[in-house]
Amino acid sequence: MKETIVKVIKKVELGDPILIEGLPGVGHVGKLVAEHLVEELNAEKIIEIYSPHFPPQVLINDDFTADLVKNEVYAYKSDTKEDILIVVGDHQCVTNEGHYEITGIILDISQEYSVKRIYTLGGYGTGQLTESGTVLGAVNNTDMVEEMKGYGIEFRDNEPAGGIVGVSGLLLGMSKFVDIDAACLMGITSGYLVDPKSAQAVLSVLSKILDLEINTQALEDRAKDMERIIAKIVEMEQMQMQHDVGTDEDLRYIG
Amino acid sequence: MKETIVKVIKKVELGDPILIEGLPGVGHVGKLVAEHLVEELNAEKIIEIYSPHFPPQVLINDDFTADLVKNEVYAYKSDTKEDILIVVGDHQCVTNEGHYEITGIILDISQEYSVKRIYTLGGYGTGQLTESGTVLGAVNNTDMVEEMKGYGIEFRDNEPAGGIVGVSGLLLGMSKFVDIDAACLMGITSGYLVDPKSAQAVLSVLSKILDLEINTQALEDRAKDMERIIAKIVEMEQMQMQHDVGTDEDLRYIG
Amino acid sequence: MKETIVKVIKKVELGDPILIEGLPGVGHVGKLVAEHLVEELNAEKIIEIYSPHFPPQVLINDDFTADLVKNEVYAYKSDTKEDILIVVGDHQCVTNEGHYEITGIILDISQEYSVKRIYTLGGYGTGQLTESGTVLGAVNNTDMVEEMKGYGIEFRDNEPAGGIVGVSGLLLGMSKFVDIDAACLMGITSGYLVDPKSAQAVLSVLSKILDLEINTQALEDRAKDMERIIAKIVEMEQMQMQHDVGTDEDLRYIG
Amino acid sequence: MKETIVKVIKKVELGDPILIEGLPGVGHVGKLVAEHLVEELNAEKIIEIYSPHFPPQVLINDDFTADLVKNEVYAYKSDTKEDILIVVGDHQCVTNEGHYEITGIILDISQEYSVKRIYTLGGYGTGQLTESGTVLGAVNNTDMVEEMKGYGIEFRDNEPAGGIVGVSGLLLGMSKFVDIDAACLMGITSGYLVDPKSAQAVLSVLSKILDLEINTQALEDRAKDMERIIAKIVEMEQMQMQHDVGTDEDLRYIG
C-alpha cells in the first residue's frame, strides 16, 4: 500500500445530500458529534479510506480483531428531511501532504454525490476549564453568515486567531474551488480534555440546521461523567494550592 | 536507490507455509523469537529487502564488513510439519509511509508462496519490571480466538489500549484484504529493556502452535544475563532511595 | 490536491519587470515591505499558489470566510518607471522539498514575464534589541555589489554567517541557472519580534533602487506601536534585574 | 527543482580512478581531509549535485555571491600515480531518502568512471577530549582487512557499535551491489568539535594508501588553533570546578 485507497462498500442513491465531517481534533468535539449522529441516525457505511499517511497502526475491536486506522463515510437516507453523508475516523493524517489528499478525496465524493452543503465540526480551545455552550462559526461564502447566526452560531472578529487546522479547515478552503458552500462549527472548549458538553452544544445547533430531533442521552451521560472528572481536577488543584501556601509558611520558619 | 528493492536470493518450493514476522519493537520480543527460530531451524535466507525508508546506515559484522540496514525472509522446509517463512530485520522503517510499503511487500510474498496463516510477534509494554510469562493475542478473524486461547494466549478487553504499531500491527490489518488469517502474539514486558524472558514465553506458545520442539537454551542464557542486570538495577534503585531518605534527614537538621 | 497548484487569475502585459519577493521570515521584515508595496502601489493579484507543502490550514478573513494558506503574485504596471511583480504569502512551506518547488515556480513565472532582476527581502537577526537601520546585501552576481553599495546596502565578510534560509535564499541561488540577476536585501533586526522599523529601512533602500516615492505612513505607525512595546519590555527587564538584585541582598541576611 | 540535479561541468579521461568521499559528519574529519586533498592536489571540479533533499539554503561566498547548498565531485589526473575522484560538500541531506539517493548517484558516477576502489572518510566520536591519532576501519569485503591493517588502520570488534550513518556508511553498503571494493576510514575524535588533528591522522593513512606526499601545513595550522581553543576550554572547566568547590565550602557556613 503505497497510495491512499478509497474502498467503496456500497453505492447509494441520495438526493443532493448535506455532508458533515467530524474527525478527531481539539476536545474531540467534531468526532463526538459525528459519531453520535451515525449511531442515532443508524447511518450506513458506504466508503472506507485507508492511507499510508495515517499512523502505521491497527486498533483492537471488542471481538479482539484488529482494524487498520481509517476514515469512513456513512450515508443516511431520509424520506422527509435532508439526506446526509457523515465523515468519521479514528485519526487524522500524520503527514502534511496527507491532510490535503484526504480533503481532496472527501471533495471528490462530495461532487460524485452532488453534495449541496458541507458542515465541518470541531472544537475551539480557549485554555479555560469553564464551559460556555458557545458555537463559533466560519464559512467559505460570506452570504452564509446571516443564516448561520440565525441558528445561534457566533461570528467573532479575528477568531479563531490561528485559523483552522486539519481537514475541517481545508474542506472550508478547498470546497470553494468546486462551488460547494461550507461552514465550520466550532464548540468552545478548554482544549485539554475530551469535551462531550461542547459536543452537545454543537449537536444542538446542527439539529436546528438539519431540522432533525436527535436523542442526546448518550452525549449527556458522557458529559456528566466528564463533569465529575473536572470537579475532581479542580478540587485537586485547590488542595495543591493550599498545600503550596502551607509549604511557603513552613519555609518562613527556616529563616 | 530511490525505491525499495526486493532482492530474491533463492526460489524455494514450500507447501502452503506459515509466515512468522519478528521485527524490532517493544522489548525486542518479536525479534528475539524470530531470530532464535531462524537459528534453531537452520532456516535458509531467500529474500533481502532494502529501502530508502530504513535508517541511512550500515551495521558492522564480526568480519569488519558493513551491511546496509535491511529486512530478510528465511524459509524452513519440513518433511513432517508445517513449512515456515520467517521475516526478521535490524530496523523498522523511519518514515510513516515505509511501514505500509514493507507490510505490502510481505503480503505480496505471502500471496506468492500461498501462505495460509501469519503470526506476527511483539511485546506489550506495561511499565512494570515484574515478569509474568503472559502472552496477549489479537487476530484479524474472530473465529481464531478460541483456537488461540487453546494455546494459552490471553485475550483482554481493550488491550493493547493504544492498538498495535508498526509492521506487526499493519500485517494484521492488511492481511484481511488478501484473505489470509493472521494473529499477533504479544509477550508482556516492561518496555524498558530487551526481554528474552518474555521472548521465551512467546516462543513456548509458538512451539505449541507449530507443533515443534525448539531448543531454548540460547534464550534462557540471555534471560539469565538479563535477570542479573535487572537485579543490579533494582539494587541501585533501593540504594538511591535510602540515600534520598538520608539526605532528607540531614535536611531536617538545618531547620 | 496532491500537487502544488499555480492558479493564474489574470494575464498582464509587462515590460521586463523587476520581481520582489517578501515571504514570512526573520522579523517578518520581507513580508512587511512586500505587503506594504502591494498596498501603496495598488498592485493587482495575478497568480495564487496552493501547495500540500504549506501548513494544512485556513486563515479567517474579516468577513468570516476562510482562505487556504497560499502564496500570491501581484503585478504593478507603471507608465514612467519599472514594472514590478511582487510575491507575498501567509506562510512558507513546512517541508524541505516544498521550499525548492515554490522557488522553481517563482522562477518559471519570472522567465514567462521576462523578469530582468529579482530582489528578495528578509531580516537578519542579531539577537540584540537595538535598532540600526542597516540593510545587509548578498547577490548572485558579483558585478552587482558596487551598484548595491551605491544604494546604501552594506556587504560584510562572512555575513550572514549561516547563509540565507528559505525562498529568499533559494531564489538567489537558483536564479543563476536561468541567468537572472538577483540580490537579497536583509534588514538588521533582533530576530525576536516583528520589526516594522527594519522594514522601513529596507523599504527606503528599495525605493531608491526602484526610483519610486512610496508613502511609508502605515509602516511608521506600526513602528511606533512596536517602539512602545519594546520600551515596555526593556522597562520590565530592568525591574526584574532590580528585583533579582534585591533578592540576592535578602539572601545574604540568611547567612 | 522537484528532483535532484546532477550537473556535469566537464568530462575527463581517467584511468580506473580511486574515489574518496569526505562529506560533513562527526568532527568534520572527512570533510577536512577531502577538502584539503582537493586544494593540495589542485583537483578540478567536474560535477555539481543539487537536491531538494539538501537544506533549503544558500551559503555566502567571499565575493558576497550566494551558492545553493550542493555536493561536488573533483577529479585529479596523475602521470605517475592513481587518478582520483573526490566527493565533497557543504551539507548532507536532511531527509532520510536523500541519503540513499545521493549515494546512488555517487555510485552511478563511480561506474561511469570505472572506479576501482572507494574510500569514505569520517570521524568516530568517543566523547573524550583526548587525542589518539587512531584511524578505525570498516570494509565491504573482508579480503581488504589485512591490507588496511598494513597501513596502520585499526579494526576493533563491535566498533563503531552503532554502525556508520550517512553517505560514508551507505557507500560501503551499496558499493557491494556494483562490485566495487570500499573501505571507511574513521579518525577517532571527541565528537564535540571540528577536529583537524584527527583529520591529520586520517590524511596520513590515506597518503600511504595513495602513495602520495601531501603538504599538511594547512591542517597543522588549523590543528594548532584548535589545540589553543581546547586548552582554553579545559582551563575554564577547571576554574569552574574550583569555583564550584568554593561555593560548596561557602555553603557549609550557612549550616
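Here the chain labels run A, B, C and D in written order, and each chain numbers its own residues starting at 1.
FYI, a contact is a pair of C-beta atoms (placed from the backbone, for glycine too) under 8 Å apart; a residue touches a chain by one contact, two chains touch by 3 or more.
Please read all numbers here as calculations on a predicted model, not as lab measurements.
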item: Chain located farthest away, centre of chain A as origin (C-alpha); value: D
item: Residue-number overlap at the chain A/chain C interface, same or different (half cut); value: different
item: Centre-of-Cα separation between chain D and chain C, whole angstrom; value: 36
item: Distance from the mean Cα position of chain C to that of chain B, given in whole angstrom; value: 51
item: In chain C, residues with contacts to at least two other chains; value: 254
item: Contacting chain pairs - touch in the sense defined above; value: A-B, A-C, B-D, C-D
item: Interface residues, chain C side, partner chain A - complex; value: 1-2, 52-53, 55-60, 62-69, 94-95, 254
item: Chain C contact footprint on chain A (complex, rising order); value: 96-97, 99-101, 103-104, 137-142, 145, 155, 157-160, 162-167, 169-170, 172-174, 184, 255
